[in-house]
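What follows is a pair of complexes built around subunit A, which joins subunit B in one and subunit C in the other.
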Partner chain A sequence: MSFKTKDVTLSDDRPKTLLLQKHSDYLAGYGLNKDDYEFCMTEYLRMSGIYWSLTAMELMDQSSRMPKDDIISFISSCQDNESGGISASNGHDPHMLYTLSAVQVLAMYDRLDAIDVEGVVRYVSSLQQEDGSFFGDMWGEVDTRFSFCAVMCLSLLQRLDAIDVNKAVDFVLSCMNFDGGFGSKPGSESHAGLIYCCVGTLSICKRMDALKAAELAWWLCERQLPSGGLNGRPEKLPDLCYSWWVMSSLSMLNRIHWVDKKNLEQYILACQDAETGGFSDRPGDITDPFHTLFGLAGLSLLGNTSIKRVNPTYCMPQETIDRLNLEPQILQI
Partner chain B sequence: MHGRIKVRTTEEEKARKEKERQEKLKVFKHAMQKILYKRKQGEQDDEQLEITGKVLSSNPDIYTLWNIRREILILFSKTKNEEEMSKIYDTELNLTEYCLKINPKSYCSWHQREWVLTSRPNPDWKKELELCNTYLKYDERNFHTWDYRRFVVSQFKPPLQEEFDFTTEKLYDNFSNYSAWHYRSKMLVELYPDVKGGRPIQDNHHKHELKMVQSAAFTDPDDTSAWFYQRWLLGAVKVTIQLVSYTVTPLKTTLAWSRKVSNNYINSNVNIYFNNQLVEGKWIPCTGLEYDDLWIFEHNQEVSDNMDIKVEHGVGDEKQIINSEKYQPCTYVGKNKIFFKNQYSQPVIEELNEQLDSCRQLLALEPDNKWTLLTTTFFLYCIDANLYHKEIMVNLETLKDLDSQRAGYYSDLISKWSIEQQLPQDYNSNSLEYKISFSQKITSLPHLNYYSYCQVVDLSNQALTSRILPTLTKLQHCKVLNLSSNKINTLDGFPDIDLEELHLEDNIELDKMEVEVFKHKHKFMKIYF
Partner chain C sequence: MSDSGDSDIAWTFYKDRPEWSDITPVPEDDGPTPVVVIAHSEKFEDVYNYFRAVLQKNEISERALHLTKDAVELNPANYTVWQYRRDLLKELGADLRSELDYVESVIKQSPKNYQVWHHRRVLVEWLQDSSLELELTGDALLQDPKNYHAWQHRQWAMKTFGLFENEMDFVDNLITDDVRNNSAWNQRYFVMNNHLGWSDLNVQKEICYTLEKIKFVKNNESAWNYLRGVLLHDKRGLGGNAVVLSCCEELYKNRCRSPYLMGFIIDICDEAIKKGETNSIYCADRAIELCQALATKYDKIRSKYWNYLSENFKKAKYIENGSANNIHV
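Let's look at the complex of A and B:
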């Protein structure tokens, strides 16, 4: 059996221009029908859903189409008084993932006053472990995603002092692999999504020096497939969200020019759905807000000027990061 | 939503499907309401386990439901006897197994399984390891299964060699199993470290792994998995921290390092002597970051002409003294013997040479195979970068065409390896000028801290973009900097360095207005544009 690279082909009828109006309409309409099956079944990640949609809208300068007041009061109602953490939705338990999403949304709205910030700080710092790692919630799952959530969340609140940053960095570094990449815990295989989390953590903690930058960036640029799309691990299919995980990491490593930008742009545009609006993981699949954000954010990193500049570490508009006076590290080369 | 293909359906079919979904939704909503109500009422009972179990069976990612189950199980464990609990735990394991069939990548289900096994007395780890074997047969790349396997191994503690052999077996099944190469890399350094030689891997094993990669890579050169492992093997050499050079002038004292070091490291391993007197001072990282490869030493000693200046660097008993030379009145530079060559053992070098021969043969048959050419080029670099420099450069130029998506990577590699070629020569002269003079235009500026001692730096006629501007902060002693005829399109990111002259001519994308504003801000600098 001869080896064949896993990839897709972009057929000629796929979109070749950016359909901003379609995407704005798609996101504005998403969730309006509270009995929509897909919408109801994803309640357990609602808070992140709001973050994906709002950030995408912000990048398109269309956030006025989002129900700001409803969103803010929803977030306030999801904070758990006791632990200080924030849940995905009413009736669900607080978790690091949704605490971060809530803080990101409020930071974009400049409405961090809508939650008990000290409560969030208490919650996040209580989840740090002796080895520097973070639990996702009280039930003890450890993952480098949660390390990133913790430092991002606290840096947005200007409260990184509440945790042991050196230990947090050491834990992330203990997850570094032979290829320079990172996985979800010590010993785990490199994966572009988790590489973004770990590089992002080091960017916020200003410890990018500890990376094996050249090896890692080479591995990342090798994610680009003949179709122009990027995969997340060797010998896997391309997926639009890796346009974000890989390209944001390469941006932090200051080596975005190691991939073919034109090619990637074609792939991202081909993942748009001209009928429904929104982006999907691969051309012709069903769209969703998650891929819509990462499609737009990816195009922003590639220099598309009809979208606002996105910050590669925070995946939020650069103007928000500037307003908060945050300066995540970009590696000098 | 991952991998869900949009299919065209008739209106009729659509309506039927929607009706079906609405019914499912009704059941789902009812169940969720009941669960939340019961939770509020504190009803932690079998019924709650049953309803949450039902919902999770089709939606294993609703994390809160797993939390509810754990709360109940903890409560049960306080009242029920061992036999009853054992049954309950078994049921829980069955549920997770069912959920993992629905979604093998469900974080929650995997975590629940871990939780059960660490909560119950006498878990059957052997069975769990077998479960991993089965799951890896369905999907040999599911990283959740591999992570779970590592968790089980950490508890069960089988001999490491058995796990190592497992990866061998997996790889001989299919070399395209990156997950197995990854796992192997972890065990290789644990099982066979070269403790005496300070290398990561013992010689004979290093050689054996290289051979294994070769057979994998030659089975199918387009399968990339083994190539990453090979690249790692080639870089698995002893690394040391070297003080590469230092510069002392009446204005500033700087030390350049081969790697980024911390204040702590310098404080404990460096001593500076002026006329045999130890100089006290404060260390400032040039970039302001915690770890840096160029440090500024602030001290109160006067720097006059004809001094004897030396720096002592060393860890433990291995001390090295680097003497300085006077390059100009009151300007002292100390340079170390520098090298960029990987230090391999003799058996590994022999193996590399053998593999180079095979690569060359393969290349003769398939001259357009990117991976064969890239590997050949890396072998050449690792065996003798000096001797093969020309061939390496030609190959990298070819690769820019052959693998055009990554042309930027090859261009930067050309820059890096060319600079590494020039640096040792420049370190043998005592000029304070740095001029780039290769046939290829450089696109990046690695190792710039090595040239921190230079007063005149000529980077003209290259292909440098504004991306490199922040790194110019390494030119702490530079007075004249020439960046003319490059691709600088903005001065955003230009560092705060005390230049007397800056040349920016023929950067066609650079905005005139921006340069004017820049000039205004740097009144003492002569700027040519």
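Let's look at the complex of A and C:
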């Protein structure tokens, strides 16, 4: 009998405690390194970069280190007057992904007044298709990620009424696979990141009853490897961001206790870089704001009390979700 | 090709090119951070300064088309560059066949990038020609058999243009190469669902195929999941197929303790209990025993899950016994 081999080994000199100050310094300094090749390469996803960094800072209660006023005026400047959508950066085209990031950031700042909200509603609803799916932008790529972006964005704006929610749910359900998981389109392989998007959509639309909860939760538990880390598909390497996609999905399914929390926590902590700060996908790799957010958010779900509570559906601080009176559904078992 | 900038030795900055002297470059608007701009990569900055400039004035020209190539080469993930490039291709009435070749070469360099595959799809739609797609995705999957983008594009082309005919052979080769390739098993399901259909004969064929693969590598999550998927199309349920049952019992008897086998038998027990089959070897006691073995020995990392199931079976047994006792009162 052969057992799984695709995994990593945690070394003894790995970080074992949470280095909050390091992470805060890392994110505060990230935007300053304009000579950083990485910074320049990421212009096309700047808006999401701001969301990852700010949310991570919020969770550490360090968001005062982010340039709030600059961020807000930057977001305003990225809204396209014509379509109402928001782009990744100035001069880029509007896109669903960055429209959501912008709305999330403004919701955390309680500054949704800084954009034309009706414009965003118009943009998002214009991207819904006959079958209930959503385009990511005018070029017509369809993906369950965009369904999630659309409903999350509109719910943050209290405007879910602007789309056909039933159809949006039907499309997501048409992407459910025989293993209970979800892919990007009908028939696409189950993938933990896309499962998060689909479960999140159902959570916001309060249709968690439509899931094959037992099968799905088991599939998600199967993602845990001997190192404690989680992968996103069978026979793939563990990656820190899956501690978010898998754990948040299990939280919405109310079955987070099925994974080995202690081992997972060890894995997440091992993905910290004790010198530079930040988290990476696997121990020893280069850190980035994306994995830093998901490392912190994952630890929050695991109950780490030095981090603020994160909402599993929105990947935003629970206090923001409470302030907006949003009640994403958690499956009752 | 000198214009694609693939050789840095021959590279001339746009700012030093006389044919571009009419354009004023536009530096990146830095966004929400203090303005401390240090040259990260002179070439990158130069190309993108000119890119922003032509984009801003929406210049439709051959030189702009060439410029987008340089911009793509420096960062193929920049979606705005691709969108502008498509506008240019359309407006200029460019040769879309050579664009297909071009995007193929970019896909070969950046096979895990949303934008390149999307560009490919738009071109195939414009040309209404899918004749190269199976080969292109086949090549990409040869490099990385789990490349999600390549699989998505392949499924799209197959569904849109009806390219199912030889797909089972393709899938079978991949499964033969790596029996744990979950993407290939998913594609197998895709072909069954969208093309071959789940007739009783096909269900039986797929069961036999899968059991052969399970006998070859027993602890294979993908094959076990596929088996469950096939049995969704068997009206008799998980435990109604004699071939499946005898294979599972045979494996168990021969000391196979794969958590997937054990989990499968547990689910057969669950099904039998729910159907009220009281004289079956698939009963609560057996399920409890298996759950406990998994929790304490064979799948310790998921002990919480197996313990939870075990408790449920104990409750079910209690109710079962309770009602049985009532009969005897």
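Basically, the second predicted complex is superposed on the first by the 329 of 333 C-alpha atoms of A that agree within 3 Å, B and C clash if a C-alpha of one lies under 4 Å from a C-alpha of the other, contacts with A are read in each partner's own complex, and residues count from 1 in each chain.
Everything that follows uses one rule, which is that contacts are C-beta pairs under 8 Å (C-beta built on N, C-alpha and C of every residue); 3 or more make two chains touch, one makes a residue touch a chain.
Quantities reported herein were computed from a predicted structural model and do not represent experimental measurements.
For the composite obtained by overlaying on subunit A, subunit B and subunit C cannot both be accommodated without a clash. Shared-chain residue A:46: touches subunit C; no touch with subunit B. In the superposition on chain A, A:111 contacts neither subunit B nor subunit C. With both structures placed on the common chain, the touch criterion links A:14 to neither subunit B nor subunit C.
Judged by the touch definition given at the top, the superposed model places A:332 against subunit B, while subunit C stays out of reach.
Of the two partner chains placed by superposition, only subunit B is touched by A:291; subunit C is not. By the document's definition of touching, neither partner reaches A:309: not subunit B, not subunit C.
In the superposed model, A:74 lies in contact with subunit C only, and not with subunit B. Contact with subunit B, but none with subunit C, is seen for A:282 once the two complexes are overlaid on the shared chain. In the three-chain model built by superposing on chain A, subunit C overlaps with subunit B at stretch 404-412, while the rest of 278-286, 314-322 or 404-412 show no clash. In the superposition on the C-alpha atoms of chain A, the part of subunit A touched by subunit B in one complex and by subunit C in the other spans residues 2-3, 35, 37, 40-41, 44-45, 87-88, 91-93, 95, 137, 139-141, 177-179, 183-185, 187-191, 218-219, 221-222, 224, 226, 228, 233-236, 257-260, 263.
Of all the residues in subunit C, the ones that touch subunit A in their complex are 26, 28-34, 36-41, 44-45, 48, 52, 55-56, 75, 77-80, 83, 86, 114, 118, 121-122, 146, 148, 151-152, 155-156, 159, 180-183, 186, 189-190, 193-194, 217-219, 221-222, 225-226, 228-229, 232, 256-258, 263, 301-305, 308. Those residues of subunit A that touch subunit C in the complex are listed here as 1-4, 31-32, 34-37, 39-41, 43-46, 50, 67, 70-71, 73-74, 77, 87-93, 95, 137, 139-141, 177-179, 183-185, 187-191, 218-219, 221-222, 224, 226, 228, 233-236, 257-260, 263. Residues of subunit B that touch subunit A in their complex: 1-6, 21-22, 24-25, 28-29, 32, 36, 59, 61-64, 66-67, 70, 107, 111, 115, 141, 143, 146-147, 150, 176, 178-179, 182-183, 185-186, 220, 222-225, 228-229, 231-232, 235, 260, 287, 289-292, 404-409, 412, 444-446, 465, 467-468, 470-471, 473. Here subunit A touches subunit B in the complex through residues 2-3, 5, 35, 37, 40-41, 44-45, 87-88, 91-93, 95, 137, 139-141, 143, 177-179, 183-185, 187-191, 206-207, 209-210, 215, 217-219, 221-222, 224, 226, 228, 233-236, 239, 254-255, 257-260, 263, 273, 280-282, 284-288, 290-291, 329, 332-333, going by the rule given at the top.
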